[in-house]
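Order of writing sets the labels: A, B, C and D. Residues in every chain begin at 1.
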Amino acid sequence: MKLAILGGGGVRIPLFVRGVLSRPGESFSEICLFEPDQARRETIGRLAVEVAAALGHRDVVTVTPDVEEAFTGADFVFSAIRVGGDRGRLIDEEVALRRGLVGQETTGPGGCAMALRTIPVVLSYCEALARYAPGAVLINFTNPAGLITQAISLYAAVRAVGVCDTPSGALDRLAEFTGAGRDEIGFSYAGLNHLGWISSFRVAGRECIGTLLDRYEELQRFDHRFAAFDPGFVRRLGAVPTEYDYYYYEPQRYVAAVAQAGASRGADVLRLNSGLLGDIAKAFEAGDVHDAWHAYFTQMRIRRSSYMRTDMAGEAMPLAGPAPTPAGADGHDATGHDLGPAGGGADRPGGYEGVALAVIAALTGRRPASVIVNTRNGASLPFLDPDDVVEVPAHIDGGGVAPLAGGALPRSARGLVTQVKEYEREVVSAAVTGDAERAALALALHPLVPGVTVAREMMSEYRERHGPDLAYLR
Amino acid sequence: MKLAILGGGGVRIPLFVRGVLSRPGESFSEICLFEPDQARRETIGRLAVEVAAALGHRDVVTVTPDVEEAFTGADFVFSAIRVGGDRGRLIDEEVALRRGLVGQETTGPGGCAMALRTIPVVLSYCEALARYAPGAVLINFTNPAGLITQAISLYAAVRAVGVCDTPSGALDRLAEFTGAGRDEIGFSYAGLNHLGWISSFRVAGRECIGTLLDRYEELQRFDHRFAAFDPGFVRRLGAVPTEYDYYYYEPQRYVAAVAQAGASRGADVLRLNSGLLGDIAKAFEAGDVHDAWHAYFTQMRIRRSSYMRTDMAGEAMPLAGPAPTPAGADGHDATGHDLGPAGGGADRPGGYEGVALAVIAALTGRRPASVIVNTRNGASLPFLDPDDVVEVPAHIDGGGVAPLAGGALPRSARGLVTQVKEYEREVVSAAVTGDAERAALALALHPLVPGVTVAREMMSEYRERHGPDLAYLR
Amino acid sequence: MKLAILGGGGVRIPLFVRGVLSRPGESFSEICLFEPDQARRETIGRLAVEVAAALGHRDVVTVTPDVEEAFTGADFVFSAIRVGGDRGRLIDEEVALRRGLVGQETTGPGGCAMALRTIPVVLSYCEALARYAPGAVLINFTNPAGLITQAISLYAAVRAVGVCDTPSGALDRLAEFTGAGRDEIGFSYAGLNHLGWISSFRVAGRECIGTLLDRYEELQRFDHRFAAFDPGFVRRLGAVPTEYDYYYYEPQRYVAAVAQAGASRGADVLRLNSGLLGDIAKAFEAGDVHDAWHAYFTQMRIRRSSYMRTDMAGEAMPLAGPAPTPAGADGHDATGHDLGPAGGGADRPGGYEGVALAVIAALTGRRPASVIVNTRNGASLPFLDPDDVVEVPAHIDGGGVAPLAGGALPRSARGLVTQVKEYEREVVSAAVTGDAERAALALALHPLVPGVTVAREMMSEYRERHGPDLAYLR
Amino acid sequence: MKLAILGGGGVRIPLFVRGVLSRPGESFSEICLFEPDQARRETIGRLAVEVAAALGHRDVVTVTPDVEEAFTGADFVFSAIRVGGDRGRLIDEEVALRRGLVGQETTGPGGCAMALRTIPVVLSYCEALARYAPGAVLINFTNPAGLITQAISLYAAVRAVGVCDTPSGALDRLAEFTGAGRDEIGFSYAGLNHLGWISSFRVAGRECIGTLLDRYEELQRFDHRFAAFDPGFVRRLGAVPTEYDYYYYEPQRYVAAVAQAGASRGADVLRLNSGLLGDIAKAFEAGDVHDAWHAYFTQMRIRRSSYMRTDMAGEAMPLAGPAPTPAGADGHDATGHDLGPAGGGADRPGGYEGVALAVIAALTGRRPASVIVNTRNGASLPFLDPDDVVEVPAHIDGGGVAPLAGGALPRSARGLVTQVKEYEREVVSAAVTGDAERAALALALHPLVPGVTVAREMMSEYRERHGPDLAYLR
């Protein structure tokens, strides 16, 4: 089984490779990292190769700048690209933040700009995929994942499914909180990517959502992802919002938090990543693979540990790493300063990768499962159209992806989802028609944008500052 | 036929009485103005009596502070009250504006505070109505009209319908713009009060909405109520928004406009009205009925002519009256500095009153008609619940009010309407349970409120500043 | 205002002309009867001319075999044709009855065959209408009225509305039964033509459907159209079925009744009509206009008085006329053995014509009204498609026809309506594609047809026996 | 893990026990057969015990007449009872057949009578279950399975799911027909029990339903369950009907076939079973376990091989057994004249039992799967109510049963399903209220019953002939 990875030089890739190859039973005979950037191939890409070798899989990982080579023979393709890079993200966020608006990578104006840069690139990869590996399944991580999957679903001739670990991460933590085994919980989750709610949580068939809401303050202390929401508000909703809903429920607090921190997440990440490739390159030049890994791993831990701290608590990202935490405490493997196999948390690998591997295991028929994915709605959420891409649990097996019948969303959430989906579809339309006016008007539909006038202003500024990446919009 | 008016001392009443009694064919044998405030009874109330007398209907208009007297024998009741008065409105708007948010009488935080003050009062009048005139129909103008009608519909045992002239006003102007007779147009309109869209406009069966959208800039020059919207955005919507949608589509511009004007509409109105009752009282003391009328009429014209100028264009309200305009130019009678009958425009009286009289004529079976009203949804808008109150055209005749099947709203509008309706129902629930926490959380659901935290802050401030009017919330 | 009538030589036309021209306020300057059959022009057509003359409208009625002449200048067109004539109807009914199935003009196999004969003819008239009078409104009586209007709505470029007096007739009688004025009742009615239910009946805003159901046996004695239904069943439905629902609720009893009567309605009508034209012709030859009218009028009364007696009670149609009944007792004018103006019942003319005239008065803007018509569903019945033609109340005024939001049908009725509508659409598809196989399979979808095999057999027999009228099906 | 079986003396039980205990990996430590009838305990029950012993599971199977003993400690309960026995079934069918109507065990009048006998009995077992094993899951096979599961779902406080092998059997055969592996097919199936359609069939993500319909005649030769349908009709439907739909699509042909065969299925089964218990008893008396098994097994094969032959082809059931067929040819194990382990087909055990075991494996979390079950609709079929029990694929895992979003049913099927579901709910209501009138009117709603009058007649006859079993209806 061959896996190709678009964005094979992304910073998370070595960790991902380590995670996959540490798992018993995974059977990738080839993992081909596609990466057009030479520096990334020679640092991140090489690190991934070394990790595989250290785990005894010497020839499994390959690195290539050639898309035909990457796709040919692939059974599955991961897409995890970032058009415009960390600097693009910084612009995305700044344009909004300067106006006192939510400036975030995937949500609001920032997500709109990112999507507009990304859609044409992803669709051209899809064309190549349809040519070189027509039977392959594309698993999309590229953000904003829902919007990009919507574009693929409407305009590409490939089988595709979008994944995000936000909802499964929340459900894992709810299961831990209640003491239930992950295998005995049932739930209703629905929404769009980064805009979802858990409206039912059952243990062995018994509904526990009421108890969870009653104990919400306790839950907030248990896990930070629930900490930012107003408990009374959540109880009134009658559903547990997932973490990105925060941008919709507390935009003003978010903006204040960023101002207090003095920098956005994007600025932090840019600062953090900027030295990383150089450090790895230097270590490789010095012939020290372990130093390269150490430099890499330390920064990844800083990144993880500070996740959403800026947005919710106004804390700036630290430059030194946090103290080691017990494996799995935040749902992620925290050992591994060395190149050895991933630690205990890897049994259920956290993050996007864990979800993606579950999707693959299910699609091959090995482990049918219900997985929350971004997929064509069909009749899952009756208030949306069948060809809207939604984020819902789907039964996945060798026969494909079949969304479950949607749970009952709170009505205000239904309104929000309806409106954001319309925004998303208009962004996709603007991208495929290359229509700058339409792009600005699409942005104006976003609930976090206070008016058409400011939407037009921001879109002008994005087009100016993103230069060639948005030059196709006319 | 007896008509009772709750809020019979409101400033629009004398004009209304003049309008009604100038119309041929109206057959009110009694118009009873209910007004608990003595000063208003003796100025506005007396002015209404004088107007009737001047038109030859000496005994038709009565004024009373007694609700039993007002209701007994009534066939129809108009409700047009303002709990907290002009000063209350000023607070409603200020609390929001100070935070850079839309501060408006009926929409957003201001509308929420107004509704919370008003619902208990209206429901107690409904109880009296059910007792003293169980067969009467209540025609609700009291703002926020949709929200108040929702409260009545869910919690009162009276027949009620809510009216607002915004949509019919827009349709009248579209008819004039296209040169079509008002009687040959067909249309689709749907939404909530102060949140509605015209999605189809047919002349003699032929769809003209596309042409209207193509000519939107021309339409904007033709009538100011269309002027504030972005033409490209409106064309993309595919529907003509009505004027209050402006607060949702340009909140930032609105806030900037108010800042530029230096005062909100509420402040202007307060300033304007504050002297009015004194002036009228003085004129009556001096025995000069005509002076009283003149003082009254001049101020009403200033008010009308400046309507929405502040909000949309940042113009402050003038203190001197505008030059007389030809009758009917803005859909309203503009003659009448004297007490004589209302001028030509009165054949189709503009404003709330015209709609209300059309409802009465239809309900009596005299002139069945399709009128846009606020009424129980039933199956009109399938994405809402049957007992949600919506603003849609309804066929009205002796058999009652039957909403037409809803037209196709733009999807982003569907989202907005769904969300605002949830907000409205939560406000109603907070009011009938007297739950302050719920009131704050209801406000947090409003699309113009950027977060739960700020909603809680505003609700605290409203409760503090509105004193006894909101003291029932605990 | 010019009215053209397709099927101007139909037996009801002289009565219709008399009814229209006896009404004060109707303002047809021309009524042009289009009739290709010479014998009918010279008997029925001439009778209509004579009636008009006797009422003092000498030049109003014209008769023509030329469709261009008929349509040119028309404002409204009535369509009331019967392709295949009375003999065709007889075949329609016999083919089904011989198999122990419901053999009825508009419902079940008979209606299917009739529709297949009629659709191509009606659509070709529509083409002519679009050419000669593109602004005219077609008012369709041609049976099966719902199915034919469905064909026009999908495949013709004319404004059209279908009418039937069944539901309004039932409502009139319910109003009389309750003692309510026709102008003070409100109601919910929904379904398809000849398949409808009254699920709400309000007097002055108060729901009375429960009372009506409690008193259903009394209602059955009051009016025969309610007599055939099982009262317990009706009460369980929670809605009053209209008379044609009988064929769905008692098919076996209907078949037994026809067997007992020894002839179907079609056979009776054929027997009755066969001598009529000859009798009229003879009277005209003898120069005796009054004899012609008398022959005509007597037979029309036999026909009316025996309506549905065969189907429900197994009574054969009498050959002699019934004793005169008081005007209006059955909702129809029963005086008029002479050519004078129509009697008292004519103020609200019963029958199809009354409904059609109400539609015209509303469409001209003179008398906006809610009328039950067959029209495009839009969002009226949410379980059907927007372009399905349904039978619901619609607000009609100068702007056109706007269906009211559908009332709540009993769920079993929803199932029946869904299925019959699918049958109807397949019949229309078969007709426009000329596909005999599809026609047979369409028939198999009808709830009164016990299987595909028998549907194929019947369709073969219809094609054989109807000869040229169905020869286009291949 | 303990499994209790209601109806533990049913004729299929020994085969079931053999199937289960032959499977590797099944882990029932106890299978307790509850059977109130002593003769059945001593023949069928004992045979099951012997089968288990022969397979080396000496103490696994127990037999009891005590419901507390059966339920206590149970994790899962199968319900497979037949109130009124084979003789009751014969009456059910005869009453309808004598009137020329479909007389079938689960569909139409027969199913209605069976449900009315069964619901009170099943609900009383549910009460016992809630008391003695509140955490257990009830897996309902008792027919009519959808209707009974509806009753349990609305009126019992137990976790329950209904199973039927009809849809999975059809899907298995379609997979074999296309040559696809069972694990690589995806599909849409929806409807009610014994009224379902396969509207999508995908192999490795590619839609094949069109191909299947094109090749339908070939499919009919491949498997008899598709043989009875009209291929043109099926193609027009655009979906593959499952075998019981035949009663709805060819009722007249069915009735003719039964008449030709001279006896209904029920009569055949009664004739067949009547000697069985005696034969087994005699063999046991003679001490010959193998003779007992042989007598049993031979009759079971006759029964299986003649399944639906009478109904569709008018063939009488043979009394001698058919020639042995290769294992698995009809999806069922056909070897096993001896007591040894079940043959090759047992890897995927066909029939109800296979589905039930898949449900158990999924619910324990061992093998999550999508299984077609009868369960609460939720939002799966949007045209039905959330608490309607429907037959749809559901994702089942340790968290419970979550229906997939419904596929697109043909519209005529939607109508049929809506109507039959209403019938089912009325039957349930009649049973729980003990209302004989309501029972008759419920039957009148069934699409295969031609009228209220005949429904009343049949219900009278059922009540008379079923004696004590229906005496609770008043």
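We take it that a contact is a pair of C-beta atoms (placed from the backbone, for glycine too) under 8 Å apart; a residue touches a chain by one contact, two chains touch by 3 or more.
Predicted model, so just to flag it, every value in this text is computed and none were measured.
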Comparing which residue numbers chain A and chain D contribute to their contact, where sharing over half means same and under half means different, the two sides are same
Matching B-C in over half of the residue-numbered contact pairs, the equivalent interface among A-B, A-D or C-D is A-D
Taking each chain's mean CA coordinate, chain B and chain D are separated, in whole Å, by 62
So, in whole Å, the Cα centroid of chain A is separated from that of chain D by 45
Rounded to the nearest Å, the gap between Cα centres of chain A and chain B is 47
Listed in rising order, the residues of chain C that touch chain D in the complex are 100, 229-230, 232-233, 236, 249-253, 383, 410-412, 414-423, 426, 437-438, 441, 444-445, 447, 450-454, 456
In their shared complex, chain C is touched by residues of chain B numbered 135, 137, 159, 181, 183-188, 202, 204-205, 365, 367-370, 377-380, 382, 393, 395, 397-400, 402-408
